[in-house]
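One structure, as structure tokens, below. Some questions next.
Letters A, B, C and D mark the chains in the order given here, with residues in each chain numbered from 1 onward.
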Amino acid sequence: MTHIVSTAEEAVSSIRDGCTILMGGFGNAGQPFELIDALIDTGAESLTIVSNNAGQGDAGLALLVKERRVRRIICSFPRQKDSWHFDAAYRAGEIELELVPQGNLAERLRAAGAGIGAFYTPTGYGTELARGKETRTIEGKNYVLEYPLHGDFALIKALHADEVGNLQYRKTARNFGPIMAAAASTTIVQVADVLSVGAIDPEHVVTPGIYVDTVVALPGPPSTTGNHRTEAPHE
Amino acid sequence: MTHIVSTAEEAVSSIRDGCTILMGGFGNAGQPFELIDALIDTGAESLTIVSNNAGQGDAGLALLVKERRVRRIICSFPRQKDSWHFDAAYRAGEIELELVPQGNLAERLRAAGAGIGAFYTPTGYGTELARGKETRTIEGKNYVLEYPLHGDFALIKALHADEVGNLQYRKTARNFGPIMAAAASTTIVQVADVLSVGAIDPEHVVTPGIYVDTVVALPGPPSTTGNHRTEAPHE
Amino acid sequence: MNKPLTRDELAKKVAADISPGSYVNLGIGQPTKVADYLRPEQNITLHTENGMLGMGPEAQDSQVDEDLINAGKIPVTETPGASYFHHADSFAMMRGGHLDVCVLGAFQVSARGDLANWSTGSPDSIPAVGGAMDLAVGAKAVFVMMSLFAKDGTAKIVPDLTYPVTGLGCVTRIYTDHGVFLLSGSGASSTLILHEAFGLPAEEIAARLDVEVQLDHKLGSSAEAHFQSPVQPV
Amino acid sequence: MNKPLTRDELAKKVAADISPGSYVNLGIGQPTKVADYLRPEQNITLHTENGMLGMGPEAQDSQVDEDLINAGKIPVTETPGASYFHHADSFAMMRGGHLDVCVLGAFQVSARGDLANWSTGSPDSIPAVGGAMDLAVGAKAVFVMMSLFAKDGTAKIVPDLTYPVTGLGCVTRIYTDHGVFLLSGSGASSTLILHEAFGLPAEEIAARLDVEVQLDHKLGSSAEAHFQSPVQPV
């Protein structure tokens, strides 16, 4: 059942030290900046984060990394031109990295939500990212066995929710939202607005409310990342 | 690339004896009756059909079975109160049945479209439908290994297509359409109408045109199965 | 209460035991009747495995739309807040453990929670499984509704299934005309508890089953079974 | 033509070799430039792995929308007939063999079509893979764009990769400043054919590679390479 709460602080209040958090976003698109700011304020640490990137610039996930709240990150593309906080933590040996090809990351999340125990993927076969993993040849093609990736929490951003938690996203900000929502025990969503029940056409629901536990409306222009915390550009 | 053709006959003209056809529909909802009628007229035989049911009443898949064009059917629920044509063929030993739990049927189709080599599913473990199949215990839970289900063709029904093949479905007639479209080498779709490019909101596309090869518009009230061929009720 | 429950009374009891706000799948047959007893204030969302959340009551007259059917292929209606999705997404929802409760009919249930409900095993029958095996493995709680005794008087709660298996160790509660049973633990350490008894003394029910049954402490050792407050809704 | 191709000429050549109506993914870096040379009448649909088909050109000024970006996180635009989908669906599309062509940059390609493009293997670099390995395995045709020789003069087409593998046996064509190479067959029986040569005699190109190269019969044994008609578009 979906609960609508009124502040980001309330939305993330049950996150504790050591939790695994699936964090939506591809770069800044779909990154739940305000939820991450609130998460920083909880003081939770030793977190495991699953996210496509490891944060960029001086906002959102990058700040969480900067504050050394992330013990371990599972992601596909940590190193970017503006990933200085991750880079520093990594070079200092203060963050553990599990690098996963992007499609395997997505499919492992999908498997977690879909009750699949493991699956054979062709991606990564013969590469160092498959080292030590079980492989199999099926109909002449080579595959690597990969396992689901569950989260204690998912923190994602959508465009709209209705009062029963059905979600719609916006353009490429959809990215990991739907699969993370299904892969976490508790899914927390920030949206631009909460619509009344029936306002979303049942044919156009992207994430059904069954996957959504907590919704907080954080109004702001949908095409920007909102009023989230940022810091001065990196020196 | 999607081709828009003007008749059901033209749409199915490349189907040959011995093909494997993924056939949309759950009961009558989403069943592509007019495409099946056209398929019957091609005379193609020794077909393998993948479909949730084995036809009901005296229309669509039931007629294809009645005409003994189906050598083998892979489905989850063949036996219904009005599945007399299947029942007769089965009891006469004139059709081969592979019974698959419905969710495994869906997931095997999804795997075929998604390039997954095989997957571990909990469904069917310990049952006679998993007899002889490979099993594995993962994190204390038991799973059966299942393989993808590809089709030479998919015959499905949608509500709208646009000129580049993007599809929208209608209510529970969506059922197997999206996963069959992705699992077949050639996907043939009957729709109520073909809209101009741009008429479908990119956020509301259910099946992207990349999965659609041939579209035929067969106007008719969208909430009925259309003017497909039927026969007098079974004696 | 010293009478066995009617089918309607049983459906009403199951409905009352479902927590407010739950997502529920009601199997074909007897479980369908549970929908009639769900109260609006329970705010239950019904799932149908052919691709919908927010299924409403059976369609009447002009509401009938053959694109909107339930898993039994009966025309149904849509409630506000509904959503449609394809079969792989629908069964991912079931298999992934997202439904709170699934209510199923059964031929037999074992004392370990094994379920048989898809096939009589009769050699001349045409097999059909549908979503039975998926429903059995996926929901957080699997309730079975059935009569406790077959027509020949034998109990349908058995030490080991003699009918073909649908799912192993999956049933969490058994609602029958003569009693409600709770299953806890799993495998060899599982426990079957008779929580309420109807129409027969609890001890007699236990004696007629060929499996070990614990009596709920509220049932005590009284010779006459009595109506109990419902179990904690799930 | 007796000059090596510029990057723009190479992009134009790749663009011309893509069949009308194709669904195409252009990797980050040099392949992005191919989009500039796709002609409207080719009717190409661009895929970006972060969840979109029908990607348009880079966004300008007021078009910039940070919810609409490509895989390189550059703001882009939407074309009519576009669609959005989530990451699992997007990578299912790639891995499932639905894209007709994918164009990638590379550090090295082996004569068997093995690709290295995700990591230099430098011990002090921070690794990042993104969708590189998915793109390599999934598309029906995988085109590589790169310079034929590294700055130190060594060829980037090699007998065996010395850089970390992205995908094995996946490359079907190699477009370089000095020539277009076609790969056919697979594994030990694969063949590398020099189809066109630019700026150097075909024989010299072949001689500078440490792998066996067949010269396309149109290149003959002429000492001077000449411009060829394009290969059959795929």
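Here, a contact is a pair of C-beta atoms (placed from the backbone, for glycine too) under 8 Å apart; a residue touches a chain by one contact, two chains touch by 3 or more.
Everything numeric here is computed off the predicted structure, so don't read it as measured data.
Taking the definition of touch as given, a chain qualifies here only if it contacts subunit A and subunit C alike; those chains are B. Looking at subunit B and subunit C, the chains that touch each of them are A.
Remark: among chain pairs B-D and A-D, A-D carries the greater number of C-beta contacts. Distance between subunit B and subunit D, defined via averaged C-alpha coordinates, is recorded as 36 Å.
Put simply, the C-alpha centre of subunit C and that of subunit D have 56 angstrom between them.
If you average the CA atoms of subunit A and of subunit D, the two centres end up 30 Å from each other. Each of residues 52, 78, 84-85, 91-92, 94-95, 137-138 in subunit C touches at least two other chains. With touch defined as above, residues shared between interfaces to two or more other chains in subunit B number as follows: 107, 110, 114-116, 121-122, 169-171, 202-203, 206. In terms of which chains touch, the assembly is arranged in some other way, matching none of the line, ring, star or all-to-all patterns. Chain pairs that touch one another: A-B, A-C, A-D, B-C, B-D.
Those residues of subunit B lying in contact with subunit A across their complex are 107, 111, 114-122, 136, 138-139, 141, 143, 147, 168-171, 202-204, 206.
Residues 48-52, 65-70, 73, 78, 84-88, 90-92, 94-95, 114, 125-134, 137-138, 164-168 of subunit C are the ones that touch subunit B when the two sit in their complex.
Remark: subunit D residues 20-23, 43, 45, 47, 52-54, 78, 80-85, 92-99, 137-138 touch subunit B in the complex.
Note for the complex: subunit A touches subunit D at residues 26-30, 52, 76-80, 86-87, 90-91, 97, 99-107, 109-110, 121-129, 142, 169-179, 206, 222-225. Remark: subunit A residues 1, 110, 112-116, 162-164, 166, 182, 197-198, 202-203, 205, 208-211 touch subunit C in the complex.
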